[in-house]
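Two complexes, one shared chain (subunit A), two partners (subunit B, subunit C).
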Partner chain A sequence: MKIGIPRALLYHYYGVFWEEFFKELGHEVIVSPHSNKEIVDTGIKSAVPEICVPIKIFLGHLKYLIYEKNVDYAFVPRMISIHKGEIFCPKFMGLPDLVKNGSPEISDRILTTYIESKTENISNYKNYISLSDKLNANEEDIKRASRKANIKWLEFRRNTLRGIPADKAAEMVKKNTVYKKNNSNNIKIAVVGYVYNVYDPFLSMDILDKLHDLNVDYMTFEMLDNKTIFSQISHLKKRLFWTFSNKLLGAGYYSLKNHNIDGLIHLTAFGCGPDSFLGKLFEIESDIRQKPFMTIRIDEHTGENHLQTRIEAFVDMLKRKKEKESA
Partner chain B sequence: MKDVYIGVDVGSVSINVVAIDGSNELLYKYYSRTNGQPLEMIKHGLNSLKNEVGSDINVLGVGTTGSGRQLAGVMIGADIVKNEITAHAVATTNEHPDVHTIFEIGGQDSKIIVIKDQMVVDFAMNTVCAAGTGSFLDHQSERLKVPIEQFGDLALTSDVNVRIAGRCTVFAESDMIAKQQYGFSKPDIIMGLCRALVRNYINNLGRGKKLNPPYVFQGGVAANKGIIKAFQEEVKSAVFVPKHFNVMGAIGAAILSKEYIEKNDVKTKFRGFSSLKTNFVPSSFTCNGCSNNCEVIKVESNGQIIAMWGDRCGKWSQSVCYVG
Partner chain C sequence: MSNKVSFPYLGHVIVYKKFLQMMGFEVIMPPAPTQKTIDLGVKYSPEFACIPFKMLMGNYIEACELGANTIISSGGHGPCRAGFYGEVHQRILRQMGYDVNFIIFDSPKRDLFGTIKKFFKIKNKQSISKMVKVSKVVFPVLKDLDTFEKKIHTMIPYEINKGQSLEVWREIYKIYDEVYSQKELLEARAEGHRMIDSIKLRKVNDDEKIKIGIVGEIFVVIEPSINMDVENLLCSLGCEAERSLYLSEWVEHNIFGEKHEKTIQDLGEKYIEILIGGHAKTTVGNIVDFKNRGFDGIIHLMPFGCLPELVSQSVIPKITSDHDIPVLTLSIDEQTGKSNNLTRIEAFIDLIRNKKTKEKVFSGGKK
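After this line comes the complex of A and B, so read on.
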């Protein structure tokens, strides 16, 4: 069977696992290309106007796979939890319903399952056992595929923890490529944002590459281990409800405290509920820590010039500050 | 021979050209509306600079800034092409070394820049909405049939506080019409608009920022005394307006070009005044190489392509190897 995986939302974090899982079961896996205007436009047309742009983009990828690539099934997981006591944003928990109700004509082409885990390792075969009929697999097959996929995913995570950004880290696992990180600049910025915003070139307008071109090193949340991240927010009376938001919060706090990081950029999609908390918390903390902080808000019609100007101005500010301090 | 550094600010509404000497003193300034033809206005500005300052000038460096900085940079041969935040901050700290907060309101852009020890430590720019900018006032001046130049003086004669919603131009307009129908005078309504603009600006850009005096207000809108008054009411403190408030970006670009030339000990890339006779033809096309359909901007001179940008992948921008 041909199984499509939209290159959107948590594909950018769990794609390595899911691709390997379906391949191991003997299926052909097709991943949609990077977001482009056509995919984004399809997504916008398929969604209610108020919803956030990453969800719109997901729908665009989904339709691309079904109509352009003629996949038998497209994978739309129902993400419930990857941390005890925490959940996902309702749009992730209701994603299959959102698709089925918004586009009933494709509802029989959706492959979905509940993903619920105590940790971010989602390799427990029980998460996928409900797929066995549609995938023509028995329990043993599902167990084996989950195990194999997990090996790849752990490799991906080891890469990110070595300071390699998620997209390159995944490529290394899939294509056996080598990526040399070149950390040689004297300015380092933490770019904190969900993987589906940061690694979608259309949404983020390649913010990481832009920083690289300006001779700036960057850090993203997946480069920090969970222990470090969560220790940053252990003093909070109450954690946020959403795991990835907590990760961003911990990574943001870490970068504001760490002397090797010169500034923090929060990349957020217009209208993101969880991020409205994050943004305020960063604002308060950056004030306490006296470290530059900037929010970059993206949506479907963000002008590239504007983004470039902001990034340039932010980097300039840090560079000039550093030059003055060392003078 | 007079040594000068030139700064050019190509904004959405105005074009500014300045010349400064080696000690950052302003020798010449040119402020003009773009009138829809930025390239012509840049040439015009540079030509009048040459005529005013004298033909015995020696251009040591050129800097460009503003939303059209790239095109201008290619056209003139700029040594440095800088974003507006940095340019404005540099110019202001040069004149007011103790400044802490800069309010800058231009035609379609507005910014707040927070300065500490003459360094930018924080800033905010308006996003897609132009409600708190000069275009907002331009638009209302048309509707009220009061020339924008008279707005400020008229506003100062107001003695009634009319509250106009400033969140969005569309709502402000309907609110303004309602207030006109209630019978408020034009000065009161204009002052109300000024307060609405300032309120909107501070709420949007100043959110979460500690704004401390001394305050400096610049950009084209700083010509409007009503807005200055509204700012002073809002921050409950004096607000300074630099002498050359409407060309601060250009001054900053000139100072930055000087810093750059001095630091790197290089010669300027300035094409010279004679090159202004050269025709620069900008055009754009849609690249169909992939489904991103980027709008690519191309600048030609004498049939030769001298610059291209706007493509996401670099296919076009990197294809140009013209050395000026």
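After this line comes the complex of A and C, so read on.
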């Protein structure tokens, strides 16, 4: 069977796992290409206008897989929780509902399952057992496949913790390539944003590469281990409800405190609900810590120049600040 | 320092005032929201926060200006943003220089000890029996007000003396504002019923009535100052209007564990499988429920960018075609210009009216 995985939303974090999982069960896996204008346009047409871009893009990828690649099933997981006591944004929890009822004509080609876990390791086979009928697999197969997939995913996570950005880290696992990370005395910027924004070249307009070209080192949240992240927000009376938002919050607080990091860029999608609060929390904290902070809000527009200008200006400012301080 | 207590402006505010006053607090009544409230809220809130957040922000700032130093509100357990309002509001108010405490009631499941501590703060050194006694007055007041309001909105379209029903409603509200004991409650109730019965109505056949249900996120559904007073608007266009949410029902569901909302949610299960926070599943269930009860159309209200309601908005086309019920979604933000939405609502009602007439003609007037 041909199984399609949309290159959107949490594919950028769990893609390594899901790809390996379906391959191990003997299916052909087709991942949609990087977002392009066509995919995005399809997505925009399929969604209600107000919803955030990442969801629109997801729908675009989904339709691409079904109509262009003729996959038998496309995988749309219902993400519920990957941390004890925390859940996902409502749009993730209702994603299959949104897809099935929003586009009823493709509802029988959707492969969906509840993913619920106490930690971010989602390899428990029980999460996938409901797929066994559609995938023609028995319990043993599912167990074996999730075990194998987990090995790959853990390798991916080890790579990211070594400071390799998630897209490169996934490539290393899949293709056995090597990624050289250069250590330098450049200025370092923390880019805080969800994986599906940062690693979607269409949305983020390759912000990480742009920084790289400017001789800037960068850090993203998946390069920090969970312990470091959660120790940053343990003093909060009430944490956010959304796991990835909490991770961003922890990573943001960490970089605002850490002297090796010169500035913080918050990359957020237009209309992102959790980020509206997150951004305010960063704003307040950056005031206290006296650290440069910039919000970049992205949407389906494609004009790239303004982004280039803003990043260059931000970087120039940080460089001058650093020179002044060291002089 | 004595506690000067205030609270969110939502729905029948006299009820919260009454409860806190009777528990012996000094209450700062938040001013009714105006354009200034919205402007203040928008100015100090994150740009993409939803409209309830911004309204409450303005609301709290105005209350703080009047000297409030404690704000009581309800929390939540996500994943809707509303559960985190208090935390952010407090930080923003502190940054603005107001020294204000928040008492936010979360689900006891999340923080049992904290809830008990907050309960004692609310108890304000009064006895438990006093609290029970107070609740026994305050809750029926809330329930009565909701019942009367519901009733009024089925009468306005047919009243003979234009404006009489609303006049009566304002009178009733005033009477209930003075209720502080069981005896006064009973008197007020009798008086309320008498006044309602005195309203003269045109006789209208049932098949000529147009009934519109209002569903959506609790804040924009309940608070008239932000939803263009949509109920009365609908009434003025000659329709009966009923909301899916009344505060007394919310209290019954969340505090007394009443089952009505659960059955509504079950109706929505086909479209949204699990609770995804906010009122999404209830919204969807209510649309089906209204249809089953013979309503002619639904107005779906949501704050711009509301996370759960965006999911319900996405599934509504399916419900409309499954159940043959027209739904108009209006997304509400700080733009207060009415005419845009007014035009859409008028057009919507015209469509429904035409549809009804057509059905009647084609069924040979038998229906």
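Just so it is clear, the second predicted complex is superposed on the first by the 325 of 327 C-alpha atoms of A that agree within 3 Å, B and C clash if a C-alpha of one lies under 4 Å from a C-alpha of the other, contacts with A are read in each partner's own complex, and residues count from 1 in each chain.
Following the convention adopted for this analysis, a contact is a pair of C-beta atoms (placed from the backbone, for glycine too) under 8 Å apart; a residue touches a chain by one contact, two chains touch by 3 or more.
Values in this document were obtained by computation on a predicted structure and should not be read as measured data.
Trainee: When the two structures are laid over each other on subunit A, do subunit B and subunit C clash or fit?
Mentor: They fit: once the shared chain is superposed, the two partners occupy separate space.
Trainee: Using the touch definition from the top, say if A:Arg310 reaches subunit B (first), subunit C (second), both or neither.
Mentor: Only subunit B is touched by A:Arg310; subunit C is not.
Trainee: May I ask you to decide whether A:Ser234 touches subunit B, subunit C, both, or neither, giving the answer as first, second, both or neither?
Mentor: neither
Trainee: Touch test for A:Gly271: subunit B only (first), subunit C only (second), both, or neither?
Mentor: So A:Gly271 only meets subunit C here.
Trainee: Which chain makes contact with more of the residues of subunit A, subunit B or else subunit C?
Mentor: Of subunit B and subunit C, the partner in contact with more residues of subunit A is C.
Trainee: On the A-aligned overlay, A:Ser326 touches which partner chain: subunit B = first, subunit C = second, or both, or neither?
Mentor: A:Ser326 sits against neither subunit B nor subunit C.
Trainee: Could you tell me if A:Lys37 is touching subunit B, subunit C, both of them or neither one (first, second, both, neither)?
Mentor: In the superposition, A:Lys37 contacts subunit B only.
Trainee: Once chain A of both complexes is superposed, is A:Ala47 in touch with subunit B (first), subunit C (second), both, or neither?
Mentor: In the superposition, A:Ala47 contacts subunit C only.
Trainee: After superposing the two complexes, find the smallest distance in angstrom between C-alpha atoms of subunit B and C-alpha atoms of subunit C.
Mentor: So the smallest C-alpha gap separating subunit B from subunit C comes to 6 Å.
Trainee: Identify the residues of subunit A that lie in both the subunit B contact region and the subunit C contact region.
Mentor: Shared contact residues on subunit A (touching subunit B in one complex, subunit C in the other): 280, 287.
Trainee: In their shared complex, at which residues does subunit A touch subunit B?
Mentor: 36-39, 201-202, 205-206, 280, 283, 287, 292-294, 297, 301, 303-306, 309-310, 312-314, 316-317, 320-321, 324
Trainee: Inside the complex, what are the residues of subunit C that reach subunit A?
Mentor: Residues of subunit C touching subunit A: 46-50, 75, 77-81, 83-84, 86-88, 91-92, 95, 106, 110, 271-274, 276-278, 280, 304-308, 310-311, 313-315, 317-319, 331.
Trainee: In their complex, what parts of subunit B are in touch with subunit A?
Mentor: Residues 67, 82-86, 117, 119-123, 125, 127-128, 208, 210, 290-293, 312 of subunit B touch subunit A in their complex.
Trainee: Which part of subunit A faces subunit C closely enough to touch in the complex?
Mentor: Contacts found on subunit A: 47-48, 50-51, 78, 80, 85-91, 93-94, 96-98, 100-102, 104, 236-238, 240-242, 270-277, 279-281, 284, 287.
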